[in-house]
Amino acid sequence: MHIFANPARFVRLANKILPWAIGVLALCLPYGLYLAIVASPPDYQQGDSVRIMYIHVPSAWMAMFTYMVMASASLAAIVWRHPLALIAGKAAAPIGATFTALALITGALWGKPMWGTYWVWDGRLTSVLILFFLYLGYMAIWQAMDDEETAGRAASILALVGVVNLPIIKFSVDWWNTLHQPASVIRLDGPTIHADLLGPLLWMAVAMKAYFIIVFLWRMKLEINKRKLAVLQMSVVNAHG
Amino acid sequence: MADFFAMGGHGTFIWLSYGIVFLALIIIAIMSFIELRSLEAKLNKLKRNNKRSSKTTDTPENNSTGKV
Amino acid sequence: MTNISVSSVFWSLIKRDIKLAWSQGGAAGMTLGFFLIAVTLFPLGIGPEASTLARIGPGTIWVISLLACLLSLDRLFQADFEDGSLDDLAFSPLSLELIVTAKAIAHWIATILPVILISPLLAALLNMPNLGYKMLILSLLIGTPALSFVGSIGAALTVALRRGGVLLTLLVLPLYIPTLIFGVGAVEAAISLTDPFPHLALTGAVSMISLIISPLASAAAIRLALE
Amino acid sequence: MMNKIKKIQSNYPRLVFEAANLGVKRGGRHVFGGISLALTNRTLLYLHGANGTGKSTLLRTLSGRLGPATGNISLQIDTEDAILNDNLMVLDHLNGLKNTFTLLEHCNYFVRIINGTPPEPQKVMHSLEVLKLHHLATQPIKYFSSGQRRRAALLKFLLIDRPIWLMDEPTVGVDAENRKTLAMMLEQHIKKGGAAIVATHDDIGLKGEILSLDHYTPKQKDMGYWS
């Protein structure tokens, strides 16, 4: 952890990574889109609406992935009291919340052609909805407290409690779903993902990860600058005595 | 070309979902980038003022807030 | 220091909190009132038709007792924090983890137990089939400790905030979902004559887990506020 | 008039309470740096310094609630390490009183929870007499005047024997009569071999070492992690 010992070194490292991440995004996104929309065949059952899966599933993956990033940053923040880990959670949360919201919206838009209704209380969609509430709670704590340091550590505690409860929630919702199983015609991802459906899925997933790295590093630099500004303003205020 | 957009009758849903996803992702990216740039500008301006005010008040030795 | 019996300190802290909950300004009486009124709203909203009420009975009772628990939680630590007692409590030989456990237990006994005791009365209001009464009380008894314990984390996180009540709800409700699902599942299983035991076992499992995790998280959050 | 105080037999064991090169950061700001102090039996230390130089923060750090950014705190009793939390008692602006309790109930719960032992009636009565509160013993605290509340807040020092007292501006809002009681209590405590740190502006009438926080404000350059 000490490699990011001070913010200046972290910013230098971020500036090295950013061009590469932008490069990967510029390569994977167009190719992924081309595969998803043009090249891959329509599904025999769902027809073309399967193409929504190529952004729905990666967004859901990213929603989970970002929460894991937040949870590990929170663990580092609590165990090593590392200031950068504290703000990593704050930097990642809005991106994760956006991905979760997008997963829900695309899930609903996919449900309409497939099941005829926008919202289906399918086990996965419901747990993504609950994950969205966990994000809201995390971001709300950062807003609620005036002192940044305490807000960060309180939010880290919540993120850790959340990550412990996530599997329990996931299990209980799936269990609940099978209990009240409406005759759902087609399971979301089908028995096995057909080989040529996998291609666009992976390319889109890589593109979204590259996107995450870019915006995450931007937001980390932004949070670091915010604290530097606060310290400078404080020193100006103190200087006047 | 027309059937390409029709997408076997599901066109609206497919283009809507792609549209919403990219719109949201672009908005988040741009908002973060703009805020980053504005903070950097503010930071530099404040540092310049600090340097100018500290030069005029005390002896012009190089105080540490200059280099960061 | 002579060897102090930690359990006697533990029980006197619980007695103190129960006495406070039921005294003037305590939350217990209000929570009971809220539970009564909130449940009676449902027939007024959904209509008096017996079969629909019977259908939604167990779920409504569980959801309203969950909300009643939430309502009484934000003063769990805040009352002591504001008048300085929390600082003094922290000087007790009990570790902070045991202190938050004692307060959560006291909250459960003082506020949730009365709600459970009168829940059959309200189940009758909602025309719940007789098969479900015993299981309703049993599932509430097994499931609601998790509500108090997980809720104590939210109460500890928002102890220093002036209007922490709403934030507490946002933080804690998602974590209540497993208890709600398994609890209601047990009652509905009993009503539909299927075996309710797996549901009860899962409810108990969730309660056990929160019994272990919550004191750690709450104590960490309280330490943060006492800084 | 000095009301009669029974000869207090038990003296405190030998204690060494040391803090080396203490530096504290609060709210992202360095409050003070490089403070060292050592306290042994029969010492009274006054903390002077303008508002905002961190008197309260120093007391909070010494009481173990706030972890210092630099430096460390150690306490030895009879030459082996002792737990800080069991050997000190803190008074700050809050009184730690519950309005719904009577004074006796407050003392009862306080001694049971903080000391871990059931209260000895004659010790409680003695403490009430010293603070001239014995006629209010069975009255609910919500009817007390602020002066009476301030005296009731001092009870915690008499109800249980802890060698180190930390007081944060105990004379604020206190009339001359109470000020004399406070001075007499402190004198007794020091005579018994205890130690005390009192952050205050005005004179309590007891001589003691003085530590002024004015010249411990952090150097301008060192603005911490984000500078």
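Letters A, B, C and D mark the chains in the order given here, with residues in each chain numbered from 1 onward.
As a convention for this text, a contact is a pair of C-beta atoms (placed from the backbone, for glycine too) under 8 Å apart; a residue touches a chain by one contact, two chains touch by 3 or more.
Worth saying up front: this structure is predicted, and the values here are computed from it rather than measured.
K.L.:
Can you list every chain in contact with both chain B and chain D?
P.N.:
A
K.L.:
Whose C-alpha centre lies nearest the centre of all protein C-alpha atoms?
P.N.:
Per-chain C-alpha centroids ranked by distance to the global centroid put C first.
K.L.:
Which chain has its C-alpha centroid farthest away from the centroid of chain A?
P.N.:
Between chain A and every other chain, the largest centroid distance is to D.
K.L.:
So which one's got more C-beta contacts, A-D or C-D?
P.N.:
C-D is joined by more C-beta pairs in contact.
K.L.:
Could you grab the centroid distance between chain A and chain D? Build each centroid from C-alpha atoms only and quote it in angstrom.
P.N.:
That gives a centre separation of 49 Å.
K.L.:
Rounded to a whole Å, what is the gap between the Cα centroids of chain C and chain D?
P.N.:
37
K.L.:
For chain A versus chain C, what separation do you get between their C-alpha means, in angstrom?
P.N.:
Their C-alpha centroids are separated by 31 Å.
K.L.:
Measuring from the mean C-alpha position of chain B to the mean C-alpha position of chain C, what distance in angstrom results?
P.N.:
Result: the chain centres lie 44 Å from each other.
K.L.:
Going through chain D residue by residue, note those that touch at least 2 other chains and give them in order.
P.N.:
In chain D, residues 227 touch at least two other chains, as defined above.
K.L.:
Multi-chain contacts in chain B: which residues touch at least two other chains?
P.N.:
Chain B, residues with two or more chain partners: 65, 68.
K.L.:
Counting only residues that touch at least 2 other chains, which ones in chain C make the list?
P.N.:
Expected reply: 227.
K.L.:
List the residues on chain B that touch chain A in their complex, please.
P.N.:
Interface residues on the chain B side: 7-11, 13-14, 16-18, 20-21, 24-25, 28-29, 32-33, 35-36, 39-40, 42-43, 46-47, 50, 65, 68.
K.L.:
What does chain A use to touch chain D in their complex?
P.N.:
Interface residues on the chain A side: 6-7, 83, 147-149, 224, 227-228, 230-231, 234-235, 238-239.
K.L.:
Tell me, which parts of chain C touch chain A in their complex?
P.N.:
Residues in contact with chain A: 150, 153, 157-158, 160-161, 164, 167, 170-171, 173-175, 177-178, 181-182, 185, 202, 206, 209, 213, 217, 220-221, 224-225, 227.
K.L.:
Quick one: which bits of chain A touch chain C in the complex? Just the residue numbers, please.
P.N.:
Chain A reaches chain C through residues 78, 130, 133-134, 136-137, 140-141, 144-145, 150, 153-154, 157-158, 160-162, 164-165, 168-169, 171-173, 175-176, 179.
K.L.:
Under the stated contact criterion, what part of chain D meets chain C in this complex?
P.N.:
60, 65-67, 85-86, 88-90, 92, 94-100, 109-110, 112-118, 153, 156
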